[in-house]
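I have a structure here, written as structure tokens, and I will follow up with some questions on it.
Chain IDs A, B, C, D and E follow the sequence of writing; residue 1 opens each chain.
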Amino acid sequence: MTEALSRPRGTRRRLGPGRAVPFGRLLGPLLLVAVWWAASALHYLDPRILTGPGSVAATAADLVRDGRLQDNVLISLQRAGLGLLFGVLAGVVLAVAAGLSRFGEYLVDGTLQVKRAIPSLAMLPLLILWLGIGEQMKVTVIALGVAVSVYVNTYASLTGIDSRYVELAESLDLSRWRFVRTVVVPGSLPGFFVGLRLGVTASWLGLIVVEQINSTSGIGYMMFQAQQYAQSDVIIVGLVAYGIFGFASDAAVRAVERRVLSWRRTLAG
Amino acid sequence: MTEALSRPRGTRRRLGPGRAVPFGRLLGPLLLVAVWWAASALHYLDPRILTGPGSVAATAADLVRDGRLQDNVLISLQRAGLGLLFGVLAGVVLAVAAGLSRFGEYLVDGTLQVKRAIPSLAMLPLLILWLGIGEQMKVTVIALGVAVSVYVNTYASLTGIDSRYVELAESLDLSRWRFVRTVVVPGSLPGFFVGLRLGVTASWLGLIVVEQINSTSGIGYMMFQAQQYAQSDVIIVGLVAYGIFGFASDAAVRAVERRVLSWRRTLAG
Amino acid sequence: ARTTTAADAALPTRALPSGAPPPGTRLSIAVHTSQLQLADSGLDAKLPFTVSGWPNLSAGPDVIQGFRAHSVDLANNAGIPPIQAQAIGVGARIVAVQSRNHPLYTFATAPGTDIARAEDFRGKKIAFSQGQAQGVVVLRALKEAGLRTSDVKLVALPSTQFLTALQARQVDVAPLAEPVLTKYLTQYGKDGARGVHTDVVDLLSILWAPVEVLEDDAKAAAIRSFVPLWAQGVVWAWEHADAWIQAYYVKDQGVSADDGRRITASLDQPQFPLSWDRAIAWEQQTADLLAEGGFVPKVKAEALFDRRFEGLAARSVPQKYRVAS
Amino acid sequence: MAPYAGGLTASRDVPVHDAPATAAAAPPAVRTTGLVRSFGGRDVLRGLDLTLARGEFTVLLGRSGSGKSTLLRAVARLDHGVAGSGGLAVPDRVSLSFQDSRLLPWLRILDNVVLGIRGPGARERGATALAEVGLAGRERSWPHELSGGEQQRAALARALVRDPELLLADEPFGALDALTRIKMHGLLRELYERHRPAVLLVTHDVDEAVELADRVLVLEDGRIAVDLAVRLPVRRSRRDPRFQEYRDTLLAALGVTEPGDRPHVHGGPTEHAAPPPYGDPVHPPQPTDRPDEEKDSHDPRD
Amino acid sequence: MAPYAGGLTASRDVPVHDAPATAAAAPPAVRTTGLVRSFGGRDVLRGLDLTLARGEFTVLLGRSGSGKSTLLRAVARLDHGVAGSGGLAVPDRVSLSFQDSRLLPWLRILDNVVLGIRGPGARERGATALAEVGLAGRERSWPHELSGGEQQRAALARALVRDPELLLADEPFGALDALTRIKMHGLLRELYERHRPAVLLVTHDVDEAVELADRVLVLEDGRIAVDLAVRLPVRRSRRDPRFQEYRDTLLAALGVTEPGDRPHVHGGPTEHAAPPPYGDPVHPPQPTDRPDEEKDSHDPRD
């Protein structure tokens, strides 16, 4: 036995990450804004190439004052929200159907892989032909995008449930419905939440596509317009709005996730 | 004790899905094609709205004969492949960095959530300003999309690694590098593969966006051109090509996944 | 390093450099058709400078981004993108003008509508893509028919969805160009779809360059030497229609030879004005229409042109392709 | 250790409890015939025949890796993907407590316990079962907040609360201290007296086996190598010489030979060598009261 | 059961093996002072003081849920997120074999075993260790292909192959049959003789404790309630009356009172009642050879 060097420390060096700092996740985005600010304050950044945060804030203030930003955001929120709702429902139902029976898998899974690969730009004409250019089509396009995100992740997580738990459920003679409720749903929640987070963003991004069609409002419309006219400051306001919404909705989903998955003991603690 | 009714069967009703059938996943897409075929053969489908599979096949044959399809697909494959490569590398490195240290998480994670929320349409002008309109920009746009898909899933899977395994690694005094190799990487592979599958599709879809900019070739360019000239049959050929590539690349990734994750015992077996 | 100057900076007043561009001058030219025309006609041998690249950009916003990114020195567009560039402070000037007096767009009607003239547009749903040439065509047609935008229902759509919107009967009228127009009318003519012709033209096809390129004497000299070749290339394509259809529409754009012929047939003989007065006036009207709609701030069209190049293109082509204005 | 195969097979025709009195007439609770189970070409069960009468308390012993868990999973009809053959007849309501306690990590303890039962009083019954295994007050704990032994007890509670017709328990007391183990024995015994399920319990503790069982099986080479009826009174004392005899018999069957180590069996003065010798099985002493006639239902070669 | 706290604390000044001969001079392998660990406000360890000499083989007993695993995790310095306080000094190279075997499911058995070692001969050493625990030929199996006992042995091999200065083993033999268990005892003993690590081993088997240990601790109410030096020869016989005495002492300390059940200790004719009584601890009999003087290094109140 070599010399028993004793260390007085309480716990050893962690291999996982340490304790979480509240709102630490804001560090990156704030740093980004700070760099942007500094670069334009030091005239390092050509304002015609990338407007500085100051004038973007001014543009944003203008947009808010004349109500354009809020109105557009509100309308878009409604569309995105509806699409999200239907998309999440569809994604979860399809994932459960495909995960629990081979027939469902063969019917649903390949089809959705194909759908996933097809650009929504190419789907758009077909959907217009079937659903017109109204709200129905817009919500459908968004829901399709969301459903695919939710499906892929939920399905992967669902089919990845430890078979020992399935065996347990069988040994307890659980009914199929109770099996779904007590094993399948909780067991696939981790993946579902990843899918939901991707889906929330997908719903926002879908707006850009659908609000080109027969819209006179919405943040996607605003962005598209700004792009048509190469109005870079409006684009950047929209971009910042997108960033904030993306970050906030992600944080919201994560907060729910943390509560719902509080039973997990993971690397992240 | 009630009457001990004995059942002569070998195993009980499964709650998980049954045995897998080879190529079963093709059922859905084939059914889709069959319905399409039937609908146009029965003149149920207006050929002006959706060309039938017959004439689409003829168009595809034409495109193959004059070499347009192969050439475009090859060029696109190269772009998508490069983007995929860099994107996957970046996504994995970022996920590991963010998953293993709080500082990394705070620097990377929020930033990527923001990035994820920003439409590539809006990022494009900025990337053109920084990187020009050449191949570099195209590969970067694709890589960014791929990286985000890979990152989100890998990170989620990585931070979801059971803390008991982290504890084990600590108790064995594993070096950080060995910890990454033996615990972090294998433990986050399930999520990585989901991310990779999403990333592969993302790289294909990214082509549609980037090949509108300063391209004279590529399948995205072909689709864009066809849209300009309202060549609906070419669009559908492109769409089918997308579908086939999406399905095939997904199947390829799954095949690798099945081998690499053969240690898993899951609901799907 | 090149620096950009503000759009409202003084017009380049220095006389155009007269000689050939100095050796080593490079230009990045986003005129895809010229690339093919010069190559096929052999005119490219006359290029007195190096073309560093032929970026394939055509949409206005993309070209503007290319200018900003210093990726493009010279581009070919319709009349609207320079107005948009001016509106957002990107300095660029028109250096050559080709006028098209023949209407490029025809208003296609959805099956089952009873629209015969532009006056019948009242109360109808019209596909409208603001930032694009098709948008301006709609605005002009309404104006000429004595209608205001409030008299019709403008349905915002990207021009690529016009055909779909007609097929789905989501709009009553949409401006279509060839070959889409013929395709649509052939397929839906039997259901009562019609083409409503107006004399609204999309007058201008222009070459334009960022201000800082024009301020660079070497590049300005290169542009000056390129403008005639561009015009001659256009003329060559007109005179060798079959070769051009084969080289461009069939080989490059992937449309059928029939479609290619249909497109060329819809075009008029190219015309290059010696004086730009009419072009400037038309551009001003367009800018005013856009400003009225609230799409862009007011723009003075005069400032969009670099008149040092006025008539340069016209003088380099045979008489029959010249017009006074 | 082939010499044992069947050598110790003891038949039972005089039931120790009264439930199996009708064993000859009533259908058995479990009957397997020629059960084969293989993993990767290696046969773990090799034509195993086993009949358990209703209300019989059977303990299964066997070396680590001998196939005890495999047998239990087969009887619970859970081995979907496993290669194998053989006949199997088991009752409807079977409870299996797994070797790993296998609590669902996303359900709180009480929810885990009531997973296999339903009806209005389910949660009350679950809470009572939890209290009985000494986990009162832990209803709302997560599984990962329980110690190893607590998890095992929660899993046992989950199996017991279902009032099964056949209880399969895979080392249910392995992680328990002596006192808790005694309590659990009492609990299991009590439940058994009340509902008289057939029980097939795996343990490595030979004392436990003799103390609890009507019948002890030793699994070896994929078959039942020893089938021993334990003819002791219900209330058993470890100091009963017959208890010691059964135990030594079983230990010997498991390959443990400590000839001089149990003073009351062979009182030799041999000094015990540590580590004690293992391998090389010798024929174990026969239980003194072993009946001579054999009955087919317990003969593995049936 | 507070009456025991320190009451049984036996000092050791005559070393049983020769390694701890210098115990008074050399620094101890492990020293905890006032160790407190709480979960959700409930103190599991309540100011626990413990000193383990180098090369000392200590066995830890305690009721299920008494905090044995918690103590081992604290000594291994693994309880990052746990509320607590107290001083702790441990050597650098510590091996902990967890109560659940905790094999990484994505590594084959051999890779699992060699996880904690490196160097050129690592895989050979790992294969040897696997063979020693009876798993030769299973190197390329996945963990889920092993039976419970096989998994436990693989985990033991992983801990042993590291040649630790301090070996912490949390019920390493719980899922093993009697014979395999004896083999593993021999293996552990052999390793111990070779490298003389300090060992802290948790078990529920009192016989095992007496057979293996230099010193047996009983954890109760968050402290070391019993600290008993086992003064028996290295080669121990279970029929040694002193062995039985130690064992009965410990069983009593764990709350198991079977006064008439071990014929060789108190030969009373009392009929054993099943289920046996539990709870209500009585003062255990004192080991006959218990020395009177106490030494600080083993006094939990140190």
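Quick note on the criterion: a contact is a pair of C-beta atoms (placed from the backbone, for glycine too) under 8 Å apart; a residue touches a chain by one contact, two chains touch by 3 or more.
Because the structure is predicted, anything quoted here is derived from the model rather than measured.
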Which neighbours do chain D and chain E have in common? A, B
Supply the minimal count of touching-chain steps required to go from chain A to chain C. 1
Using C-alpha centroids, which chain lies at the maximum separation from chain D? C
Please give the pair of chains with the highest number of C-beta contact pairs. A-B
Suppose each chain is reduced to the average of its Cα coordinates; what separation in Å results between chain A and chain B? 16
Report the inter-chain centroid distance for chain A and chain D in whole angstrom, where each centroid is the mean of the CA atoms. 51
Need the CA-centroid distance for the pair chain C / chain D, whole Å please. 88
Touching two or more other chains in chain B are residues 12, 14, 49, 125, 129, 164, 169-170, 174, 183, 187, 227, 264-265, 269
Residues in chain C with touches to at least two other chains are numbered 65, 68, 167
Chain D: which residues touch two or more other chains? 76, 78, 93, 100
Which chains touch? The pairs are A-B, A-C, A-D, A-E, B-C, B-D, B-E, D-E
Tell me, which parts of chain C touch chain B in their complex? 30, 32, 55-57, 59, 62, 65-66, 68-72, 160, 163, 167, 179-180, 183-184, 187-188, 252-255, 259
Of chain E, residues touching chain A in the complex: 26-27, 29, 31, 54-55, 77-81, 87-93, 165-166, 195-197
Inside the complex, what are the residues of chain B that reach chain E? 164-165, 167-174, 178, 182-183, 186-187, 189, 261, 263-265
The answer for chain A against chain C in the complex is residues 46, 48-49, 124-125, 128-129, 132-133, 212-216, 221, 225, 227-232
Per the touch rule, the chain D residues reaching chain E in their complex are 39-40, 61-65, 68-69, 99-100, 134, 145-150, 153, 170-171, 174-183, 185-187, 189-190, 204, 206, 211, 234-239, 251, 254-256, 258, 260-264, 271-276, 278
